[in-house]
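Look at the two complexes coming up: chain A is in both, with chain B in one and chain C in the other.
This part shows the complex of A and B:
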């Protein structure tokens, strides 16, 4: 047996949004994403903790489940693991049943189901601080006696909040004590921990006992004096406004509008600082190296390419700061609730909201998050439209073009025109997604309408620690992409744009003679009708790897096309001279729908287990992008009376 | 800096970038097929690195295929 297998395995199991991942992060020092809504974790996550005595324990964070009868793919993962259905995974040595202390009525049902399995179970009574602030008489020892299970108090979002659980695991490791309920499901216990679980019997027993479980939960709550739970008054008061049929949508629109205004207005000083830094670096390299291949690679390839993408880091940080605050506060599920009717009208359910929202960061986690949707048709449609949400990789493209071609002025009431255009582009992505969902609803026979059932969590003041961790992760991801794949692609594009070198006396820029120049000229036949020149056509090709690469590609292509006096990292003045307004608008329209992202197609293939849906996705997005760019280009030319 | 040395540095940067881009973007099966084809011609550690990563950051690291690992031993 290897060392990993010898380490005890602890699984965190509980209802969605009970704080499992926060507890997992506390126990293992991990930085998994947490948020104040259900369905954040859709895959099992593994980490390790070292107890005070130095022994190591494997810890698994599992997706939330309401019962041991899975209805969604993410619940299936949890149930398969707990029920020991996975061939290559051992059953856990200890199951930590994480329950929300403010909502024991619902969470204890799963504890009772887990108790019946005969495995060692410990109950982590999470969010006890919140429960006590609400005046709930939480008594962990008494609950432990009623459940016949060990119960410890935890606060997943506070440093040291898992100490009692750690102490228990330490004791359990040193001298294993029974954490199996007495007198419960004795036949299941009889086989001991190593006995294969009679899965069918366990599931059948679970189905038969739902009503009995509810009765048992009521009995326990009655014994603990928790039968009359006080209302969550502050959250209820806020919800009276936020969920109001008229005021609610206005609050949501105003919130999103403010976010996009701030992304443009507040990031500018930082962007200017990064641009100046890159320009200074280019100047240093130009002075230190003689003109030649290496200088061109570093200045035109690396700095003009990867550097021009890095400039957009401040805007991405700001956008994610707002999203994280909204996530952590508990507002986002309310937004899903508000949008349920609208989503229902196009054939989606409110459950699609969280996957679609995740797609604003990147479509890949959004597609994975679609596992929380029980209905297969809704899930497929959600996966198909997720790439239309404006992912963070599009932000550099949008802000480059808006910053270059849209004047920085207000349009009244202090509203900036640039922020307004950005808001319109995001709205166009959402509108396009809804339109596609509506068409798919017409093409495929819809199942019966499923009412949205989702819990609205208590509002929290966002945790600075979570915000810091979330932002740091985003910065890491972005900088890593710039420093790895974007840098590699820029070096390759520089090579393709520099070789073969033109013969002496060639009249045009050298790039026209290069491999990339020739490829661009060929592609220009396809893209000229929608206003794209050969430089844009070249840039779209590496943009297939990641959308933001197009900014770096434009930087490299135009740096090599220029006479040599232009400064690396400043692609904006170059395109401002080379493009017309209709071309810029057409490229913006292209990127609202553009399919260029291989990772998204691969993720869709993996989640749907077929190439059919990724092919449909790429096909309809390319067609939409071409149509939208063409319409925008020709309409703009007509409006501006251009020849 | 001599012109030859400059060309060597640039060629190494371009080759490394091409290898990295292939590793980062090509499907898992393609990477495994290429790594097997190159087995014996390039260092095993390099081939395992080439074949053993997922296609996107969000997927996280994936283990190198067992067959390739056995071959490299």
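This part shows the complex of A and C:
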């Protein structure tokens, strides 16, 4: 405890999207997510760095804030911390005010507000490479003289780009008093820590001074020869198309459509290779081990279960590659701009777009990202509908069913039917979310139009390094999921599906006699009206823990139901024989709305501080899923003229 | 920028939302229309850079006229019409030459 308290505490503070997290990653060796839009970081992240002389420093990365007067839950975190309002955390010893060197006009205002707090402040002039490339005469020492604060140059996205900041922290640690620059009042330091600031005073000081600060910024920029504003930047030229009222929406639709086509078509060769590998492995084990429990556990439980989920790795990598490139380029807030009006028609704003888009990866970060939404009602609605965005865990279920039941042919213009069906399923999720938001808008008192005030950042060419790190992390997460939770659930399911063993001479497959088989036939009463057999019913249960498990669970249940295990690892041919088309379509419809996984419910509980919203969420999703699956089942039976 | 300044600036001011696309303008005032929420809105606009004296330009209007993409200083923000209406501007003569 004492050792921790003795470590100096450094906090990174700045406007949104100025590169705080990139700097944090450089300083601490962390790999926190970075992207080109405001509001990527919505939590306080902590790391440690070791200076060249070996002393340790605690580093905090805080969500971006436009001012010290918070409007959103994520800004609140930053303000509480900087103003020392947290009981469990002292105010930082040093505030690193991170500013975007290409946009000092806005970023310096926050520096002035931070300077007034009387804590030691050092300015990190970030993205200084970009500023120089644009021909801006950046002069760190001169800026330091004008601000009466130490100023260092940093490049958050380049290895070694934080060296000057590290050197400064090192010197400062050696002689702490030097951190307080000339002309700035030393803070009242109680026991080596700055005392908490009076809240009202801080707010008043901030508000009274926005305009005054702007004059001071103008003066400083004038002295540095930086007063001009860019006339027509490359970003503006791109925006003439991207934000165009007609061309813009077309570009957006084409982009999204390309993503789904690519996820389906480009991943196929890799998926076939993994399938072949797993089948070969199953063959090897089948040949090496005598038929029996161990062989069944490995082949039916591990390979047919966890292996059949691993097959979807290439698709998940591709999906994330697209998402990461879109995030890094600065396009996402533009998409939010284009969709704002549409979202407004169901009572949401463009501010909900990025949380909802994040939910295509996973609803949990999506629900967290809703912290950037200023309005409490909008935030709750966004959290409630986030799980209707098709998360990457549902991709394996979709792919398996589409790959098995939808013929692989084109519908013209090089558009594949399978990719098209996938697009329709994603669209159905979005449509469902809009419908729910619309109903919620009707149910609740409509409030005044909420402000948008969304930053449209300068476009960047996506960084290959960032993309590589992001993809590696996703692969790691996915493989770890398959190796831990999914594998464990599969082994558990295999156990439940194998025991108790049936008495000798039992006529049907052994699984019917097992615990899972009996539970499945009970659940089948509930699900038979919407076309699900007992095998599907039982597979839905572990799917609550992690949705991909459904695929593996079907693999295990069917592998154990089959007469021989010669088909292990190949779920598709089994279900192709066992299911009718309406059943397959009903299951697809079920998974568009399916009650989400437990971690989503837990995240919703944490973010809304009550069980009320997670309960509403689970309830309405179950009802929607049941309704949609039932309608699909009966409609497609009628269309196909099945009995 | 006191919201109820009695004297208006002599130039013809217009709401930012009325400005033609790609026309340079200068902010004269940022004022709340009505109510407490609106006052908060004006403050927030000031905080993100909509301050008297700053140069602004409309970069785009989305389909159906909303939202607006606005250049202020060296930033671009998306605003709704109602937000932009809080920002009073005077259009600058075309092709202002900067030293």
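Assume the second predicted complex is superposed on the first by the 616 of 643 C-alpha atoms of A that agree within 3 Å, B and C clash if a C-alpha of one lies under 4 Å from a C-alpha of the other, contacts with A are read in each partner's own complex, and residues count from 1 in each chain.
Quick note on the criterion: a residue touches a chain if its C-beta (ideal position, glycine included) is under 8 Å from a C-beta of that chain, and two chains touch if they have at least 3 such contacts.
As the structure is a prediction and not an experimental result, all values here were calculated from the model.
S.K.: Is A:338 in contact with chain B, with chain C, with both, or with neither (first, second, both, neither)?
M.R.: In the superposed model, A:338 contacts chain C only, not chain B.
S.K.: According to the stated criteria, A:294 is in contact with first (chain B), second (chain C), both, or neither; which is it?
M.R.: first
S.K.: Which partner chains sit in contact with A:163 here, chain B, chain C, both or neither? Use first/second/both/neither.
M.R.: After superposition on chain A, A:163 lies in contact with neither partner.
S.K.: Identify the partner contact of A:246: answer first if only chain B is touched, second if only chain C is, both if each is, neither if none is.
M.R.: Second partner only.
S.K.: Under the stated touch criterion, which partner chain does A:211 make contact with: chain B (first), chain C (second), both, or neither?
M.R.: In the superposition, A:211 touches chain C alone.
S.K.: Regarding the shared-chain residue A:268, is it in contact with chain B (first), chain C (second), both, or neither?
M.R.: After superposing on A, A:268 lies clear of both chain B and chain C.
S.K.: Figure out whether A:484 sits in contact with chain B (first) or chain C (second), or with both, or with neither.
M.R.: In the superposition, A:484 touches chain B alone.
S.K.: For A:51 in the superposed arrangement: first (chain B), second (chain C), both or neither?
M.R.: So A:51 meets neither chain B nor chain C here.
S.K.: Please write out, lowest number first, the residues of chain A touched by both chain B and chain C across the two complexes.
M.R.: Common to the two interfaces on chain A: nothing.
S.K.: Tell me, which parts of chain B touch chain A in their complex?
M.R.: 1, 3, 6-7, 9-10, 13-14, 16-18, 20-21, 24-25, 27, 55-59
S.K.: Under the stated contact criterion, what part of chain C meets chain A in this complex?
M.R.: For chain C paired with chain A, touching residues are 1, 37, 41, 43-49, 51-55, 59-64, 66-67, 69, 71, 73-80, 82-83, 98.
S.K.: Hey, which residues of chain A end up touching chain C in the complex?
M.R.: Result: residues 66-67, 69, 71, 102-103, 105-106, 109, 207, 210-211, 214, 218, 228-230, 235-236, 239-240, 243-246, 248-249, 333, 336-338, 340-341, 344, 350, 448-449, 451-457 of chain A touch chain C.
S.K.: So in the complex, which bits of chain A are touching chain B?
M.R.: Its residues touching chain B are 289-290, 292-294, 297, 362, 364-365, 368, 477, 480-481, 484-485, 487-489, 491-492, 495, 545, 598-599, 602-603.
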